[in-house]
Every structure is written in structure tokens, then in C-alpha cells.
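Chain lettering (A, B, C and D) follows the sequence in which the chains are written, and residue indices restart at 1 in each chain.
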């Protein structure tokens, strides 16, 4: 079942390595089939060069049970499931420990929009979750990770802010498809690196003017977009 | 028409990728044919590995209308056109979001000449534009970007300062030809990175002495140049 | 003798180069055969591309004498021998001058656990030795290097903290096998780089909450581990 | 004449590119034939991939006149000549604008010995020249650059400190042969990068203890050396 999605999720996981976002076996990508109620995700702790479409694991979006696949799904599967259920319209999710995004997450600092590169992809500050409580960590930890992300997005739009930092952990990114989730994970790492280089020059840089943020985001996204080909 | 220039502009755009100056689809190079009144520029939002000479777009320097080409020109075309009209003697323009130059642009900091590497290419501080007004952003934004650059160069010589930072945005570089514009974009990124490494060692480094700046610039440029072969 | 171990140690030394941990001829990996009482180690000052299994040197764990091999063993051999004798259960050791771990060692700063990436591999702060005394340096320097490491680990568990920084020198890492020692050297360098990027954003970041440190370390290690495949 | 030296100097120049020390056409390597009184050096401003042994230029050590070769010698030739005459025992010289060493030179900061990596190659602080006077710059600039280096080495030993930073300019390195000069230029760049990473963690790190500096330098160099093979 879901052979095409398994292929795409497999390729997305490999692309994380090519893009330099993966450290050791950290990092996983998944895609959702909302009609069938299934999530296709990377198996846990398997070397990236041993991944094949056939080794992808299919789990139930509803209860997390393994529907197909011989390997255990990523230990972060409950996080992905919560996000698919709570963040409307997302079709793919990527989690990495990429260097600069993780550094901002470790510093518990949201990434402010310092320029138009940021504004072209994120329509505002890249959010960071609150620190999880001891109870949340001791309990259903991975599902609770998804819940603190969803909590942070209570008043935010996941389609115009396609990623988040989990405090003391690292980034999650998403998009309408798993390919766009990978693209957004790459962009998020770049924005984090660019923000680090910026605060290395001036520790307290001023934000991009709001009008400029809007201009750049909206010329690429939304009804009046005029960037790229039709 | 302009087959040779289209080939050169195409290669210049590809070289931006090779040199690591391009992030996603950001970045564009153009060349001008002043006799014919045409600008040859990259199409908008097309992947770099799909660029061919035949896909380059020819627009009118005068009014910006597409003269040849089936794709939309880069959304930054109006900026290029203003620069060709306002900065005397430039034959090629490159815009990128390269990491360090963009970081200085985001910090709204001009890049001071800290040493002879800088002095070999830029005869003084790399300028940064003022922040654009809300009206300029809401209006003809891309053309206005060119205008704030031209405004910053009112009393500066674009041939001895072959690049600029646009505040909260990123760098533009230029030169007598599109190849030299690419070369200057590479140099500008290097100078920005070198300046970042310098302020990482000493937050308030002193400038290169004026005589040393002059010596290095003039031994490579101008009438008395003695660097390189005749 | 020990042909398989020599092969593995040789490959481990080469992998240090591939992973970018080696500068010039700095860096060495060794493996121990506890039953036979032998250590297999890289020869001293030999270029990495000239290493072969047959050039590995076998020394006595007990007295350090060369048992087999035509080349001198690494000058750091006495450090390795002390560590094999004093740190229970380790089967391989790696020493490098990798960039960021060495920078932390030069700053005489232990690497605090700022996030879950750290917690997945090190169950607490990466320790740093005290500065060696003039007598220790003038005496049996390399053996004394091992002794200050062992001293620092008097109350620490080398299996859950698989590496150390030697003050003003650089990192040593270890593991149950030489392959895992290499893996931990790679991880240690990454954690050092990540910690540098973190203090570049906030000079005084708060630590990962203790519960989160425990959760991540224990979900990968120990009896209740549920990360990876069985 | 000097075919072998021309070959070696050509390869040394190419190696500067391979090692990532060269920016644009900056950087040059030379070797000296003290018996014949000749210096073999790179031609000025020629692309590195167009260098051949036959294009190397032979100049007189005594008066700088071109003895053989059709191209102009590097504009830095007078600096090399002064160094060969004033620094005893050096056989090769390398000048680059490598990133981190240049950043320290731009900050006018000598590189303190923070650890054993430094001590393995430089027996003390990497010196930095004073800023040149306007008269020195306006006069015989390149020869005067050599003179301020020689002035800084009045009480220093160029064999145990095989490199220098020229204030607001960049590094020169040397050695008994042109190959060792390249090696020392690579090492100097690494030590500069390592020192930058160290001050990024602690702005005021303490120095490596003097005994440790001596121990590491002397175990690799001098009569009692025991590092490497005999």
C-alpha cells in the first residue's frame, strides 16, 4: 500500500543527508495520507544509506499502530501524529538536529525576521516552544512534544510559519507535501545560520520593517504573488 | 538576438551556484547591451540546473517590456534596469543572498576596509543603503530598490566601489561585464566573511590606514597599476 | 597476530581523516585485546594515506613494550595504556585535535549539556581535566596525561561519558570498540561545535532540564531503551 | 636553469589552492637557491590553473632583476627577497590571504599559544608586525613590508616561529624548503582558526602553560625529539 508515498518519504529522508541536515541517525521525514488515515515514516535508528521505500513504516494516524512494515517506526512518530492532527493542512513533516537551528533551540531563542531572505519563507518570527515540564517529559514524551508545538501554534498559522524550534531540542519543519517539508527544513537551517551571522556582527540587530516582511512574503505567496513562473 | 550575451549571462547565473552564493532560487545575474538598449536577465524562480541560454529573457532597458523570451524575467528586473540607467559604465549586475554579505545587510552595517584584501577590490567602505520607507515598499518596490542604491551612490564612484548592501535585504555587485560582476559578488562575499571573522576577534578593529588602502587599490587599478601582466 | 584488530584499527584511523577530525598528522586510534594484554595502535607521525593494517604497532598493555611492528608506536601510546587500565570496559580509544573540541579544551571549559543532541550520547557535562603541573609535564608526560584523565573520572562513569577534554590540549574519546570510539569522537566534535554555536547566540544559555537529559540518554541507552531496532 | 626548483615552486603554488588558502589570485610561493643567488617565484596575477613550471620566474636574490622567464614576477617579490636576505636559514616562503590568519592580521592581534596544537609548530606567539608608516607605504612598499617583518624578528628565531602576520594585510609563512613553507602556511591558518574558535568560547582564555609549550615543541623539534619515525 501507499507505494508512491513510501518512495517519496524515502527520498525525502535521503535528501536530509545530502543537504547536510542530519547528524548520525538523527532526523526523520514523514508524509501523511489523510484520506486513508495513515502516516508513512522512517524506521528508527536505521542508517540512511540502508533506507529503501520498502523499509518505510506505515502507521495509523488515529492510534499509531503499525499497519505495514517490519521495522519499528521512528521513536518520534507520536510527535508527527500529533502535528498531523493539530496543524491543519500539513502533508509532510521533517525533524532534524541541524546545526544552527538546533543552536537557536538550545538557546531557547525564537529567530526574529532580520531580512527579506527570512520574509520570503516565514511570515514572522520562527517560534520556539516553552520548556516542557517534568511531568510532560516523564509521561508520553514524544506525543507531548507535539502538544507543546501545537500549543505554541494556537494563534499562529502553520502554512505561513512552516517550522518551529522545540526548546533545548531542535527544529521541526512541515509543508503541504513531504518535499516542501524538506525544502522548509533546509530554509529554516539557512535562516538560523544567517541570523547567527547577523548577531555576530551586531548583537541587537533591528527587525526587518513590517512592510518589507509583508512585501516579500506576499510577492511569493498568496493571491497577489508575482514571483516565479505562473 | 544577443545570442552571445545570453550565453554569457546564463553561464554567470550558473557560476553563482558553483561559487556557493545562491540559496534556493535566490540570486540573478544580468548583462546589458547599451547600444541596442536591452537587458538580458535570468527568468524568475527557475531552478539553476534548468537554465539555458535560450531561456534567458531580453527586456527593454527603456521601459522594461519583454522583447524576447517565453518566461517571465526575474522579479528583480526593475532594480537592474534602474542601476543600468543610473550607474555609469556598468555592464553586468549580480544580486545574491550570499551568507555573510546578507548578514551585514541585515545588521544594516557598512563593511569597513579592515585590510589590503578589501583594498585590492573596493576603494573604501562597502556602502549600505538606508532603510526604505513604507511608501517605497508599497509602491514600485523593485524599481525603488534600485533608486535607494543610486541615491547612496550620488557621491560615490560605482567603478571603484563595485557593490552595495541593501538594508535588511542583501548585496548587489556589478562590473564592466557580467563576468566581472560575478567576480565582484564573490569578492564581496569574501570581504564580508573576512570582516565577520575580524570583528569576532576584536569587536572594534581599526581601519586599514588610508595610505595602505590607496596603495593596494591603485597598484591593481588605474594608470600606475603594476599588479598582474601587462 | 591480531590481524582482525589491526585491520579495524587501521580503518578507524583512516575514518578520522574522512570525518575531518585530523589536522596534519595529529590524531590516533587504538584498540585493546584485553585477553591477550595487547594494544594495537597507529605508528607515530606516519601520513594517513600510507597506513596499512600491517603497519599498525602491537604493544604490551602491561609494560608498553613493542610486541610486533617495525615502526614506533604513536607518541601518545602511554596515554592510551593508562586509559585502558584505569577506565573499565573501554575497548577503543581515539585522540584528535578536532577544531571545536580542541577550542573548548583550550578555553579549559567543560561542555555543558545544552540540549537533547548532547543528551543522546553524553549523560552529563563533557568533563575537562585540570591543568597538568610542571612536574607532570616534565616527567612521564604522556602517561601523566592519562592519569589526569583518570583522576577526573574518579567519580564518573566512562561508559555514559565516553570522552574528555584535556586542558590546553584536545579531546580523547572511547567506547566498547574502536569503531564506537570513532563514532564518539565524531559526536564529541559535533557537540562542541553545537555548543559554540549556542554560546554565539546567548553567552549564558541555560542547561537542558535534568529530566530531559535523562529521558533522551535513557531512551537510547540502558534497560528501558526504545530507540532504534531491537 | 633550476628546473627542479621551478617544478617544486609551481606545485607549491598549486597546493595553496588545494588547501583552500587562496582567494582569487592572491597568494604566492617561492623557493631560493642560495648557492646561485636566485629566487624562483610565481608570476604576477596569473590564474592558478594556468601555472606551469616553465612559467615560474627566476630573479636575482641580490638585485631583483629577472634572470629567466617571460612573465612579470609576483608584485610581492621584493618582500620575498628581503626575507631571504634577513631571515637566516629559510628556503621557501609562502604569502596568502587565508581567511582566519588574515582576520587576526586585520585585528592587528598576535596569535597567543592557547594549546598544544599551536605548540607543536610555533614555539611561542605568532608575531604581528607594527603598522607601516605612510612613508614606508609611499616608498618601496613591497621591500618595506619585508623590512617590518625582519624588524619584528630582530630578537626572534624564524626557524621556531615559521610565520608572521603583517598588520592590516595577511600572513607570510616560511620553512627550510618551499614544501615546508606551504605546510606552515596551512598550519598557521589552522592555528588562527582554532584561536578564533577559542576566543568565541572565552574572550580571555589563559595561555598554554610554558612547560607544556616547551614539551610539545621540543618533542617534535630539536635534539631530544621523539615524535614520528627516526
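What to note about this one:
The rule is simple: a residue touches a chain if its C-beta (ideal position, glycine included) is under 8 Å from a C-beta of that chain, and two chains touch if they have at least 3 such contacts.
In this text, all values refer to a predicted model and were calculated from it rather than measured experimentally.
Among the other chains, the CA centroid farthest from that of chain C is the one of B.
A straight line joining the Cα centres of chain A and chain C is 33 Å long. Centre to centre, using the average C-alpha position, chain B and chain C are separated by 47 Å.
Multi-chain contact residues of chain D, defined as those touching 2 or more other chains: 200.
Remark: the chains found to touch one another pair up as A-B, A-C, B-D, C-D.
By the touch criterion stated above, chain A contacts chain B in their complex at residues 114-117, 120, 183, 186-187, 190, 193-194, 197-198, 200-202, 205-206, 208-209, 211-212, 215, 219, 226-230.
Across the interface of their complex, chain B is touched by residues 23-26, 43-46, 71-72, 75, 97, 99-100, 102-109, 131-132, 134, 137-138, 141, 168-170, 196, 199-200 of chain D.
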